[in-house]
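The structures come next, written out as structure tokens.
Presented sequentially are two complexes of chain A, the first with chain B as partner and the second with chain C.
Here is the complex of A and B:
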């Protein structure tokens, strides 16, 4: 028995050594902070450390949910993500179908390259691009408005426009990524299906409706569920940088992620900030579990676990 | 007859995609052309698709502040190179181990990896841990370690690729010939899994190159600013660069002579130039990685 243990240890030692760097990294970067959610249940006092600080029970959460912010950031996070999911999905599917119908492979490659380019740019660069359109005195949009004899709009202080602005920017940035996924899924459809159908003389539209869409439905549903699992998380850069953290836009652009950051860094309000963070982690966790459970029932090979 | 109607479709589809492509590129064109415009034109007419009067004054201004830009570039390149190297090595090793058919605790290591995709502690504990307990603030590690080095998604990509594309028999043959696991990874896995390793290398590399969040959270020392962080500061305060220069340089760039409108765009061009230049060469790896990830996400 002892011998076999030693034999095993010797045999598998290299494997464990290989796992070690990743194991340690995830331990530091992911697992220790998970334990840190205790902070949300404590009166954090740095001099006493995390474990030594006094327990506060659910006081931080009560405090958080009494503010109007709790509702606002939840609403913004979910509604924006919902709009992002739908807008990107619809456009990406349309683009992917069109690309799959275009004969010239070089043209397809060109369109795909262009569509994916925004995905490569950092949110800081995106903020600059947005600024060139939206700047109050020199922005391109106001230039166009002026040419048509309209009043200039002070975009960075008018929250009512930002839901549209952010949806457009997000779509511009992410639609290429989704298009690549759907195109790969369409190109994976068995050619014989089309041939069989073309013998029956169906039109292009019928082919899209009765072959393509049903065949890529598993991909659509998988992506949808993956996104729903992440609906409680927002792109910090999009909501913090692109509106230039303008106070006037706070109502329309504050999400859970920006709220946590502002609470932690600008306001130094660890209690509130950590409570919001735990709220996000827990609800996010439940959502991923639900989404995965549904995926499993629907197409088990795409489930995460 | 049928063929002709198909041709009309082709023209129509291509036309539509060309319009979409132009719409995608317009913001970049505005940015780049504005950076080459005389600042007077921007003040008078605003940003536009085409330079009214071609001018390099914005780049001239940036050139005066080149030392800071070069340093930021150096930091970014160093962080990107070392982060990518560490990230690729630890991801491939972990992925190779998990691709083994069985070994004691395999299930544990697999769940250990996957669980990081489901749950995380969030910013507050991460921030407090890194700053209070690891003392990472204002060190180069702040730009390399938090968040970006390794993630479960990349490991899963590599593991599936190894399982599907590297024949188990080959590995067994090498073992019989006396190769140990490390030699197998170096001599077999790296060459045979090169496409997927290049792909995750690019994913990780671009994430490091574009990262500004670690800088925002953990770095306040301007000697450690990455190029994205310089951009971030310039976005909020256009005079950021000249604020830090020596008094000699300052006298030549008096406030008021700063061509703010065009400098803003020029600095953004400087920041995104490397990505624009290498993007055409690496995009096929990205497309591959994204399509693979979709199947095995």
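Here is the complex of A and C:
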């Protein structure tokens, strides 16, 4: 008994040691800060500390729901993220399939880099790129409109255009990253499948429909589940910086994150902003559980857990 | 499945241990604090001469965290301190970019800081228990300083207790037009003859005629809208949208956006915008006003004017500007108390800290050291009689070993005058401060604790409409009405009622 324990220890020790840095990283960065969840339920008083502060129950959460904007910001957050997930996924899969059809390795590298580049840009830079297109007097789009004899549009005061602008910008920015993931999984498909299929006289479209898509389904589902977990968060830069924080656009661009930022920037209340974070993570967690449960029902081998 | 539960439990236990660890740390600090209070008991010898050389850490923002003359400046201050108490000073300069984060970190982790600069007032720190109530200590250790700023100290009180001293800065500004001198001369306008906003509009008309390609007005900053400063001297704002009007008795709190004054203003802004006085896309302006001025196609802006404005704009934009004041200055609580030195509640020697605060307000040499650095190396006296100083030969703004700004030191008006400033600059500042009409609510500061939920909602409504209306982009009747109705839905009435109750109580306790 003792000997076998020793034997096991010796055998697996290196693996545990290899695990240690990653485990510590997760523990320090992801698990210990979870204790901070307490702050959301406290009436923070720095002189008493986190644990010593008085409990406030759910009072810190009130402001998220007791506002006429509550419906609008929740709707905006969910609908935008839904549109982002779908648009990015569809575009990324199309790009990945197209890239996989290119034989020249150099060309693939080139396109991949070009697609990935926007993903590396900071949202602040993106906001100025967008501004150079949309500015009222000097913008590129208005220049084009004028050239064709149309009237200039004051983009930053017309909320009706912004759902489209934001979806396009987000898609442009994130599509490269997803493309790389899908491409990797397409390239991982066993070549024998194609050979067997071509013996049966398969067309290109059929190949995509019956071989590629089913083979990358697990990747699609995993990415979908991960994205659903973040559906209650919004990219702050995209919704605050890109519309230049224009008041006239707020009906179309205010999300939970920007609402919390605007509301608390002057109050500086840590507990209330924590409450928003808790609310978002909680809903995200429940949504992942739900989505995973649904996945399990319909194709159990693809579920996350 | 079982394994998963086990690991989950393990994680929870670890988290719990980590948390209790934090808790233990907190209670230790509290013990320390109690000890500190214990030493203040009167039967012991004077807390200033306790024989221990305490290091008093003073935290304030600056452009460089360790300028060349830092040691020498500290030594200079130490020499002065030794006449008053057993202590040395450590100037802890945090660069602007990290100041806010470092400050909140120091305050929340309870570091032993004697004096902390704040540019947000002390109200929130007092409410959070991060700033120390120094009312009694001030009477004992800072009586001179208190006397010197007696006119303004009311602004720094929270619930009638003092948490810090304001630094010397412009407590108010006149509102008016700041515009390019060359164009004004070209039009033949005599700035002294411009007295009202109608006169100002006449100038705009002329500019528009002579220079149709030029933008007449750019926004002064990102939060006020192009025309916002025209009315900002007409009210004292307690919190977003909740104000008392300057021309009232100051006893009623109202919704700013629901007043006739604001509605008239919105109409005027709309008309002026329609006449083309506003630069395009003014609500999403991406540059500062100085950059628009420097770019050469902007005539000016409507903003705040203080004695240094013309010099400051010239320095920042290279454009010579003329200032035309229209509105008289008002004195409101938030303009005085925003720049303060406070004693953090974690300070272990509050008596010495308050004495240092007193010296920073009353001692000329300390102020010269903190503002200009060391005489001989960082500056030389150029005109003894008029207290005028300048750079020594071979030194300029990029090579000087020390630089600081007036509003970041205790009382700059005691010190020398820089050669590029007008020789009467301190008198001009004092004159501005003393001529300001105090708001009826001067000294009152509003405690928002009970209405935070409503304030977040109201703030969002304001950021949706304010800039658009104040730059004159929206049909005033319709937009102001829908803003008011959204403010009502967001619960502004509850804030007004709450503020009114506090104001009533403040008056009755006076």
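Just so we're on the same page, the second predicted complex is superposed on the first by the 209 of 305 C-alpha atoms of A that agree within 3 Å, B and C clash if a C-alpha of one lies under 4 Å from a C-alpha of the other, contacts with A are read in each partner's own complex, and residues count from 1 in each chain.
Going forward, a contact is a pair of C-beta atoms (placed from the backbone, for glycine too) under 8 Å apart; a residue touches a chain by one contact, two chains touch by 3 or more.
Bear in mind that the values here come from a model prediction, so they are computed numbers and not experimental data.
**Student:** Considering only touches as defined above, state whether A:113 meets chain B (first), chain C (second), both or neither.
**Tutor:** first
**Student:** Under the stated touch criterion, which partner chain does A:266 make contact with: chain B (first), chain C (second), both, or neither?
**Tutor:** second
**Student:** So, A:50: does it touch chain B (first), chain C (second), both, or neither?
**Tutor:** Once the two structures are laid over each other on A, A:50 reaches both partners.
**Student:** Could you figure out whether chain B or chain C reaches more residues of chain A?
**Tutor:** In the superposed model, B touches more residues of chain A.
**Student:** Would you check which partner chain A:180 touches, where first means chain B only, second means chain C only, and both and neither mean what they say?
**Tutor:** In the superposed model, A:180 contacts chain B only, not chain C.
**Student:** For A:68 in the superposed arrangement: first (chain B), second (chain C), both or neither?
**Tutor:** Once the two structures are laid over each other on A, A:68 reaches chain C alone.
**Student:** After the superposition on A, what does A:244 contact: first (chain B), second (chain C), both or neither?
**Tutor:** Once the two structures are laid over each other on A, A:244 reaches both partners.
**Student:** For A:95, is the partner it touches chain B (first), chain C (second), both, or none of the two (neither)?
**Tutor:** A:95 contacts chain B only, not chain C.
**Student:** On chain A, which stretch or stretches are contacted by chain B in one complex as well as by chain C in the other?
**Tutor:** Comparing the two interfaces on chain A, one with chain B and one with chain C, the shared residues are 31-32, 34-35, 46, 50, 128, 131, 135, 137, 244, 260, 264-265.
**Student:** Of all residues in chain A, which touch chain B in the complex?
**Tutor:** 8, 12, 14-16, 18-19, 21-23, 25-26, 28-37, 39-40, 46, 50, 95, 98-99, 101-104, 107, 110-118, 120-125, 127-133, 135, 137-140, 142-143, 172, 176-177, 180-181, 183-185, 204, 219, 222-223, 226, 236-237, 241, 244, 257, 260-261, 264-265, 270, 273-274, 277-278, 280-281, 284-285, 288-289, 302, 304-305
**Student:** Please give the residue numbers of chain C that touch chain A in the complex, ascending.
**Tutor:** 11, 14-15, 18-19, 22-23, 26, 29, 107-108, 120, 124, 128-130, 239-240, 280-281, 283-284, 286, 345, 448, 452-453, 455-457, 459-460, 463-468, 473-474, 486, 489-491
**Student:** Residue numbers of chain B touching chain A in their complex, please.
**Tutor:** 9-10, 13-14, 16-17, 20-21, 24-25, 27-28, 30-31, 34, 42-43, 45-49, 86, 89-91, 93-94, 96-97, 100, 103-104, 109, 111-114, 116-129, 132, 134, 145-147, 149-150, 155, 180-182, 185, 206, 209-213, 217, 228, 231-232, 235-236, 261, 264-265, 268, 271-272, 275, 279-280, 283, 286-287, 290-291, 293-295, 297
**Student:** Please output the residues of chain A touching chain C within their complex, sorted ascending.
**Tutor:** Those in contact with chain C are residues 27, 31-32, 34-35, 38, 44-52, 62-63, 66-69, 128, 131, 135-137, 154, 156-157, 244-248, 250-251, 254, 259-260, 262-269, 272.
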